[in-house]
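Before anything else, here is the set of structures, which you'll find just below.
Shared chain: chain A. Partners: chain B in the first complex, chain C in the second.
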Partner chain A sequence: MSYVFDPSSAPNAKVNMPSTAPVPGLAAHIADKKATEAAEEAKWQKTYSDYEAAKTKAESEGAEPPKPPVRPVAKSDAYDMQWPVPKEPEDQDLKTLVELLGESVEETFEQAGELICQINKTAILNALTTCNQEVSLRYEMLSDMTATHYPAGDGYKFSVVYHLTCIRRRKRLRLRVLIPEGFEPESATQVYPGANWLEREIFDMLGIRFANHPDMTRILCPDDWEGHPLRKDYPVVGLGQRNVDFREDRSGKLMRRAMEAAGHLNINLKPIKAD
Partner chain B sequence: MGVNKANIAVPTALEHILMLTKVEQFMNWSRATSVWPVTFGLACCAIEMMAAGASRFDFDRFGSGIFRATPRQADLMIVAGTVSAKMAPVIKTIYDQMPEPKWVIAMGSCATCGGPFDSYATIQGVDKIVPVDVYIPGCPPRPESLIYGFMKLQDKIMNSSLADKYRELFEPAHS
Partner chain C sequence: MFKSQEMEINMGPQHPSTHGVLRLKLRLDGETVKHCYPVIGYLHRGVEKICENKAFFQGQVWTDRMDYCSAISNNLGWAEAIEKLFGITVPRRARYLRTMLNELNRLNSHLLWLATHAMDIGALTVFLYCFRDREKVLDVFEAFCGSRLTTSAMRIGGLLEDIPEGFEKMVKDTLTDIREGMLEYETLLSENRIWLKRTVGIARLSADDCLAYGVTGPLLRAAGVAYDIRKAHPYAAYDEMKFEVPTKTEADTYARYLVRLEEMRQSISIVEQCLGGLPEGPIMAKLPKTLKSEVGEVYHPTEAPKGEIGYYLVSEKGGVNPYRFHIRTPGFLNLQAIPLMVQDALVADVIAAIGTLDVVLGEIDR
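This part shows the complex of A and B:
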């Protein structure tokens, strides 16, 4: 049996795809809250109308009227753990960002004391440049960069998140873009050179290609890997049971290429491309 | 007394200076008492392998303390740790570079059967890529386990036969 990626033949290939896209956000939180309140109100209205119908029926028959229902009050316990809900932005940095970027900011909010800003997918490079260069912001470090797959997302399939840090003011800021399948966001290496390997990891794990990246290749999986493991439709268990066959000289051609690239040293490093 | 001195064979002068054995047995003895492993660790089992080689457990007692830094001088590969799909061709290359005769010990659950990592990136046992002589269970196995497994390998080497090797190489249908 040759080395062929076939998730359907894996022993435990059943994948439970999520039906929701739980992207945290202020608008989503408000809509969710409103929906919950409306559902509670409708439930209460139904209870009360049932009570009134029973009351009129009892009055017409001369029987004992039923007990009126009591509207339940939501419990609030000050000692209970509170889920950090998204709040309106109060931090000056977020206000500056909205002022400078204008239309390209889709949403800003604070949650658990963290600053979050959702940017339009086409304006992410401009936003990163602003965060890095603007004197009042000066987020000089890209601490981390991740992405998530939301197969049930409406109009988007991935979120790419940039974690920025301002060392001087000890502040952190999170930028987020929601992108559809196949969209190539601008590479952050043009502003933060450290994003190079982070973006390669995102490409390796989720299959998001970044435009104007110096070397858009896999970084964790072997070069001839098929599929992107952090996607939700990738089977979690079972793939390791496959047989490995080296008769095709799986690494030979790629190894030669890598050795040429690394100056005939067997180092898994990519050459730095000149400007 | 009860000992009949006439039944005790007195060694002759020739037998004082000569030992008679078979070539096969002599070769096996020399191989089993000088197995040099390749310096090769993949994960936490390698720490236990180092402990087995250090002074407290002293792998050297069995003629096997010389961990060689090149597979070309080694006889034994102790696969100590998780074998990932990206590491598999490297392990295969190292195994191919070792000269015959060569042996492989799969040390620990991961190298034996994949261990707890039933994931896309982990090879479920190193025996999917190279032939394994001795499997040592444990997560990780103690140095005593490794030494016991190594002594089992020594038994296997002592019981091996050149005829078996010949048959394995040239008459695979009959073996």
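This part shows the complex of A and C:
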């Protein structure tokens, strides 16, 4: 019995592209809530009109009228779980940011006790400098920086988030920018030198380049790696890597054959060119 | 006749004192380091990508394997991040037990750090003493959850099991042993001339540099900044505990050694407080079988033995797995500052700098 392995059918090779772009925000939350309420109302109206129609029909036929429907009420929460919804900004820091940055602030809100401020993609360097230098803010440290791929986003494909820490006042703030494919945001290393490796990691994992970065190279993957692993269109098994289902290949024969076919090491290195 | 030139050498990735697969490209002028360029990624496993493709609760086993010397701190940060995302309230007893385990884990991690750091510098006896005591902490973990290193001790919403019978006595005996052991390490090291020569004034990193480079943990506190996330943003049951945040201002390897020893004493005190005031009650919150998320985004920082470990999660509507799972590990940002620490230092001091950073490449490369 011969077994031919088809890499495209491997369970881990399938890529499920997300259909929505979950960017949390106050406006998005309110719109979503309204849509859900409208859908519920429409459903109820339909149920009720169906009942009315059935009732009229039953009356005209002289049969027994149907039972009136009961409008469903929201279930009381039986679990120790309360989803933290986005709230209106109340913190002074967010108000100060809106005052100082003016129109480049796109949205501010609070969620789960965190302060979030969305900045226009071209104004991020100015925002970071303000957060670092302004006496009433003074966020001394860049704790973390990362990005998310939103292939279903409308007008943007990535979000880049900056987590700033104010040590004196024990506060944390998240700045966020939404950027399209190919846009190069200004590097945060000009304000926080520690952003160097974080930005290199983002470039390595998601393929976002940062303008004016001192060393824009890969950091975790080898230099000749193909693709950016944390993009949503990148398969979990890697590109061209491990094209053998181990469950079907106990003896390792197919793996060896695949390795011979793929060349040395069978990882997705580019073919070596002769000088 | 005589010629002098700068030499470029690789330290690692298989050098025994680099604690794993760290590679440093050093440019040397004789014995002096002129330039240092760290190269990482040899242990990259794609933890973030894997966790994005698994259900929320399945990410835990991967967090164990990041910083394999302090699995419980990683588990705690992970569990609390998901609890923050879903707004889950954890019972008080579970929070106390988590705090206790986390501090035992801090003892474990600092003992391992002291053992390997001292061995790198040449004090081999301390290595054996520390491992003797660390073994007892690992036995406590084994009694609690059945495994020693990759514990997977937490669950979303609490803990899987309550403490076994005789556990409190076991913990108390361990703490007594560690307290006695610490006197021995101090006798061996604190006033040892060789230890002082190898550590005092070595690998300095000022408070401003620490803040600029995002360096956290004992390194920041040894530079004079009393910043501890357990105090600044209390999580688990730390708001009910009494403890000090030790600081030094010298910002060198010796100051970090003293800070870490003092932290171990505070940890012992916190564990005793947890045991003394352990409340009765359930250890697990009431949760649905499947966690289905709404659109949300959290960043949850916690204080791991090596510094701030933060989990950044993005979730989508009706999702059973995280849309984005990012881990800010303390080692990644701490290691970034090593070129500043070893600039114009001797090659032997690079070993001390790596030791004092307490690098574990499993968490740096993820």
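The rule is simple: the second predicted complex is superposed on the first by the 221 of 275 C-alpha atoms of A that agree within 3 Å, B and C clash if a C-alpha of one lies under 4 Å from a C-alpha of the other, contacts with A are read in each partner's own complex, and residues count from 1 in each chain.
Definition applied: a contact is a pair of C-beta atoms (placed from the backbone, for glycine too) under 8 Å apart; a residue touches a chain by one contact, two chains touch by 3 or more.
Because the structure is predicted, anything quoted here is derived from the model rather than measured.
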item: Which partner reaches more residues of chain A (counting touched residues only), chain B or chain C; value: C
item: Touched partner set for A:P65, first chain B, second chain C, both or neither; value: neither
item: Touched partner set for A:Q111, first chain B, second chain C, both or neither; value: second
item: Contacts of A:P229 with chain B and chain C, given as first, second, both or neither; value: both
item: Which superposed partner A:C221 touches (first chain B, second chain C, both, neither); value: both
item: First (chain B), second (chain C), both or neither touched by A:P180; value: neither
item: Chain C-contacting residues of chain A that also contact chain B; value: 220-222, 229, 234, 236
item: Contact footprint of chain C on chain A as seen in their complex; value: 18, 20, 22-24, 28-29, 32, 78-84, 111-114, 116, 140-144, 146, 148-149, 161, 163, 167, 170, 172, 174, 192-194, 196-198, 201, 205, 218-222, 229-230, 234, 236
item: Chain A - residues contacting chain B, complex; value: 220-222, 225, 229, 234-241, 243-244, 246, 250-251, 255
item: Sites on chain B touched by chain A in the complex; value: 85-86, 88-89, 92-93, 114, 117-124, 128-129
item: Residues of chain C that touch chain A when the two form their complex; value: 40-41, 44, 46, 48-50, 52-53, 84-90, 157, 211-216, 225, 227, 232-233, 285-288, 294-299, 301, 308, 310, 312, 314-317, 319, 323-324, 326, 328, 332-333, 336-337, 365-366
